[in-house]
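What follows is a set of structures to go through.
Below, chain A partners chain B and then partners chain C, in two separate complexes.
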Partner chain A sequence: MLKKGKSAALFEIGGGFEHWAERRLRYLMLAPAVVILLALTIFPSLYMFYAAVHRISPNPELPWQFVGTANFARLFSDGQFHVALRNTAVFTIIAVSLEFALGLGLALLLDKYIRRLTFLKTVLMIPMMLPPIAVAITWKLIYEPQFGVLNEIMYRLGLPTQAWAGDVDLAMLSIIVADVWQWTPFIFLLMLAGLASLPVEPYEAAELDGASSWRQFWDLTIPFLKPVIAIALLLRVMDALRLFDLVFILTGGGPADRTKVLSLYIYQVAYRFADPGYAAAISLFVLFVTLILSTWFMKRMRLVE
Partner chain B sequence: MATTLRTRSRSRETLLRLSAYATILLALVLTLFPVYWIAANSFKFDIDIFAVPPEWVPRNPTLKHYDQAFIERPFLRYALNSFLVAIGTTAIAVTFGTMAGYALARFSYPWQWRKHVSFWILSTRMMPPIVSIIPLYLAFNYFDMLNTKSALIIAYTAFNLPFATWMMKSYFQDLPVELEEAAIVDGDTRWGAFLHVALPLARPGLAATAIFCLIISWNEFLLSLVITLTEQSQTLPIGIAGRVTQYTTYWGEISAAGFMACIPIVIFAFIVQKHLVRGLSLGAVKG
Partner chain C sequence: MLRKLCLALAVTASTLAMGASAWADITILVPSGSEGDGLRAAAADYAKLKGTKVEIVQAPYANVFEQGANAGATKSGVFDIILMDDPWIPFFAENGHLEELTTYFKNAGLEGPDDDFLSKSRAICRNPYNEGPYVCLPYVGNAQMFFYDAAKFKEVGVESPETWDDVLKAAKALTEQGGGRYFGYVFRGGQGNPVVADFMPIFWSYGADMFDEGRTKVTIDTPEGAEAMKMFMALRDVSPKGVESYNANEVGTAMAAGTAASSINWPNWVATFEDPSQSRMVGKISYSPIPDGTEPGSSEIGHWTMGIMSAAKNKQEAFDFMLWATSPEQIKISAERGNPPVRRSVFTDPEMTKQEKFRHYPVLMEAIEASTPRPRHPKWPEIENAFGIELSKAVAGTIKPEEALKNSQAAVEQISGLK
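== the complex of A and B ==
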């Protein structure tokens, strides 16, 4: 805090003697980024409000027709939208919980043994860096009902083979497994970094007091890890809410809409059903939910200062 | 009594160590098998891809699918598009993100602007891309920019710029401010102190940020799917998805192209391994 104050004071002193640009430097350096981001986020949001109160024909020659809140009213009666909402919620809750449990568990187990094995850690990180499309086709190949590896394993184990991504009951699970494969390393890596920064003294004190390792975990490790857990969960939840690529390739939203998530539904409404006005209304709903969720998260976890 | 206790705890330690190594091994196999599998299939003839039971190691390796994808079909073009778009958006995001990040790390503003602007920039990063595709599509359509790489560069900047700003802010906050103060005392301007002192010191962070922007852009799918329809503008992920049709999936081709799409990413991942944690948490967690 002191450091920043000092540099600001110096800046003020120098400022009086320099020309205009130098005096305005703090605004000039920030301005381009702010202007670009305003143009790329605020403008689209406002434009979306405008689009959402119109019926927009796929034919660009036809004028937009003002329909008031009709598109928003449709949100309440559109069964497909409710299905997409539920699928997104189910996916987000199950996938992120699994990733969190697995990632934290692995980090706790391996913390002592893997800390210095940078190369090994990097190898384990590979899945989350890969293009989601490559991940999707890889799992498509593994799930393939006729010649896929998974059914071969089922067969060898004497279990019934399945259609996996093509099966009504297993499709969502198939998507979740692919996502867990890709993103568990993310939680694992962040938790490992968090564990590495834990102070030693409280644990020594707890040891002297005869606290069990279970107690130490709940009373020391979890509270210390809280900021890291917060950022990890925030980023994962925001990512899970925007899931698109995996579903687009693995199931296309089927079978029987079991994997139709919000992003895919908006895409379909806008392009396949050629109804950008209604798609804008759904988008605004999604924007609203993510903004509330992420703002609440960031404020609560004091991620900003 | 004491000895038995020690032996017991030592054998418990050995057991724990063994189970940890076994877990690491299992995690490695589960992590690497899918990547291996796509690579293996890209080198098989179609008939061997469909073999039951699966051919674990290609018996009859071939480069046929690479030839098909990159020579006969325009995957080289797609890869080039991906590359150009990634370079363009990274240049913009890193340039302006570095300046903004520095400003937010060093300067003070009236009315807590620093906090509010930081927060707002972070929240733009949280915006799902699906939310902006409709206005972006309509705007690019209006300006006759659909199917251009410039449109993709602009669209990708929407998520790369907040990322670069936050990353660079976190790197600059780690630098001691005294060096810049010394430069100013020696007669450098405030801008000069940034350019000649802070920027060179932040070079590793700058490189890591740029690589992350390249990776995120190279991997992006949804925006490119909506904005581009022509071979001249489509990126690699769209090219791959285009070979998964309702009727057939060109397994060999997409395996070859998919595997090639992964290679630069894996190389980059190793280059930035020290910065992975920070990059993946937008600068919030220092690895």
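== the complex of A and C ==
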């Protein structure tokens, strides 16, 4: 009897634990992900805020010095930061616009006229699948002034050869072309998926009403695609603001600072000039600008109320 | 059962991963390329000989500085030795990342590196330069030399270029004859380190310098600086299109392919120029010290030096390895592996000098002995960046050369805090 009672108590304890575990199972299952998120995202972000208000010496014997908003104030007087900001803006506007125009154009073309050519669609997506470093090195070889294929073609056509990435007037354009080559397929892919999901009925009605193709494009296709366009542009703008690989490999920010972008400058300040406090302040500025732009953009495209 | 097995595997893998970084007695951070490869080979020999476990961590040039600075700032002790480019020495030494070697030498019964090391090779390893205590030992004896195609220079009436005026005269004629496919001169015009590295020897050859002797004043924007800049711009005008983005590879390739007649370059390119599988110019390139300007020419020294990190876990073992690796026998082996030596006995060893691939040794030894270090300042990377931007603008023609000097003066004054 005693034995029976003891095992019953144990069962109750076990049952209690099982019940406890069952009630909290969702939290237990989420815990590893939350811990990883805290360690890899939340903590570094908070640490960045902390670093941004300190002057951090590369000498480990010197304590971190609290400087308040001094690192942010420095943004207003730092000429190199202004150059990087301007170059990033120019790159983002031109590159993303070209990628959007070409990506949408290609998607319309393939959707309407060559729908069955899946092979062609796959080929068009290859640049997007390549690692950015491989793309940068490939374009570096293409642009090489003395031995590059581009100048060889120019020479054979009797046209003047160019320094491309080494020319102050062509360096940014060279980077934009390489970026457009790699990321147009991304826009193309999203637009193609968007076009494939469009309803047929409104187009049939428009046809019956005698609407031209152009009218159908502006009044039906674009409004229907609006959410896809918004997402595609948003992702590309956010990515363009973080451009690093192409610039690092192709030009190193030169010539004459013409291609220095924010990510490259942050890298230089943090690692070459050993000033992580100021680098954190610039990074926060970029984060802030990205957030503002994204929110404004999503509201404008009516993705959020 | 399966779950238990997975758990056991995970624990074993984690333990192994954590232990992996601690298996070595000495961990050395080295750059990619011949310098790092040489030390890697030496470390393998040392491990076989002494039974010491030596781990080599190899990274691209810029990353060696970053990883070293990070390890120093965090006192991680992950590296015992760092193979440093000499302009980094003030940064590492003055920020407390490097161990002073005085006590180690004393314990080994030595006063310092012996006299067989070239005097400039020893001077570079003291901080401040040539005066302070030793903070590293020289390993690779890099100093710039002037490389030129003697036959081409002779064709246009310059037997051997003694001065920058001689170089310009020959380069101008050769570029004019080249029709846009051959050039008399080529240099590293890429923004930052490349353009600064190829400008400094010309700067010094005209009596200019970045700081005054006691590092109390910035002296870039001076009449001597202007003279040097004038010559640099004249040389730019006879260089290939796109030189604004050139780094060592582009310059080396142009010389090896025979599309440029002359350049300043580092001695490790000799191996490439003399290798038939990589060069069309085997046996055709001559080497000389840096030409004179208004003052005797001076090479930029670019030694690779070994220092012990302050937070190193095995400092004595690290020092023992450094002494062994820089012994005459090991420096000779290192030279055979393609790294320029730092010892007089190796430079003058008949076994070496009789070999065609080492015919540049007398010139290189002369170049090292007449070399100048890059301005020794703990903020050198930032100074070099600022100076490199202005030089790049001048090379690209977006600002006038005199503006570049004025802007550089202001930028370096601001960074260094010297007015």
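One rule holds in what follows: the second predicted complex is superposed on the first by the 264 of 305 C-alpha atoms of A that agree within 3 Å, B and C clash if a C-alpha of one lies under 4 Å from a C-alpha of the other, contacts with A are read in each partner's own complex, and residues count from 1 in each chain.
Keep in mind that, in the parts below, contacts are C-beta pairs under 8 Å (C-beta built on N, C-alpha and C of every residue); 3 or more make two chains touch, one makes a residue touch a chain.
As the structure is a prediction and not an experimental result, all values here were calculated from the model.
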* **Touched partner set for A:Tyr271, first chain B, second chain C, both or neither** => both
* Structure fact -> Chosen between chain B and chain C, the partner touching more chain A residues is B
* Between chain B (first) and chain C (second), which, if any, makes contact with A:Ala84: first, second, both or neither? -> neither
* Asked: Taking the superposition as given, does A:Leu287 touch the first partner, chain B, the second, chain C, both, or neither?
  -> first
* Examine A:Ala163 and indicate which partner it touches, taking first as chain B and second as chain C; both and neither are also allowed. => second
* Considering only the touch criterion stated at the top, classify A:Ala240 as touching first (chain B), second (chain C), both, or neither. => neither
* To do: Could you tell me if A:Leu195 is touching chain B, chain C, both of them or neither one (first, second, both, neither)?
  => neither
* Between chain B (first) and chain C (second), which, if any, makes contact with A:Leu225: first, second, both or neither? -> neither
* To do: Using the superposition on chain A described above, determine whether A:Val177 touches chain B (first), chain C (second), both, or neither.
  => neither
* Asked: Of the partners chain B and chain C, which touch A:Phe147 in the superposed model: first, second, both, neither?
  -> both
* Identify the overlap between the chain B-contacting and the chain C-contacting residues of chain A. => 60, 146-147, 271
* Asked: Which part of chain C faces chain A closely enough to touch in the complex?
  -> 62, 65-66, 69-70, 72-75, 91, 94-97, 180, 189-192, 240-246, 250, 253-254, 257, 259, 379, 381-382, 385, 389, 392-393, 395-399
* **Sites on chain A touched by chain B in the complex** => 3-8, 10-11, 14-15, 18, 21-22, 25-26, 29-30, 32-34, 36-37, 40-41, 43-45, 47-48, 51, 60, 106, 109-110, 112-114, 118, 120-135, 137-142, 146-149, 152, 181, 185-186, 189-190, 193-194, 227-228, 231-232, 235, 238, 241-242, 244-245, 248-249, 262-263, 266-267, 270-271, 276, 279-280, 283-284, 286-287, 290-291, 294-295, 298, 303-305
* **chain A partner contacts - residues on chain B that touch it in the complex** => 17, 19-21, 23-24, 27-28, 30-32, 34-35, 37-38, 41, 49-54, 92, 96-97, 99-100, 102-104, 106-109, 114-115, 117-119, 121-124, 126-139, 141, 154-155, 157-158, 161-162, 165, 176-178, 180-181, 184, 189-191, 194, 215, 218-219, 221-222, 225-226, 236-237, 240-241, 244, 249, 251, 254-255, 258-259, 261-262, 265-266, 268-270, 273-274, 276-277, 280-282, 284-287
* Which of the residues in chain A end up touching chain C in this complex? -> 57-61, 80, 144-147, 161-168, 171, 251-258, 268, 271-274
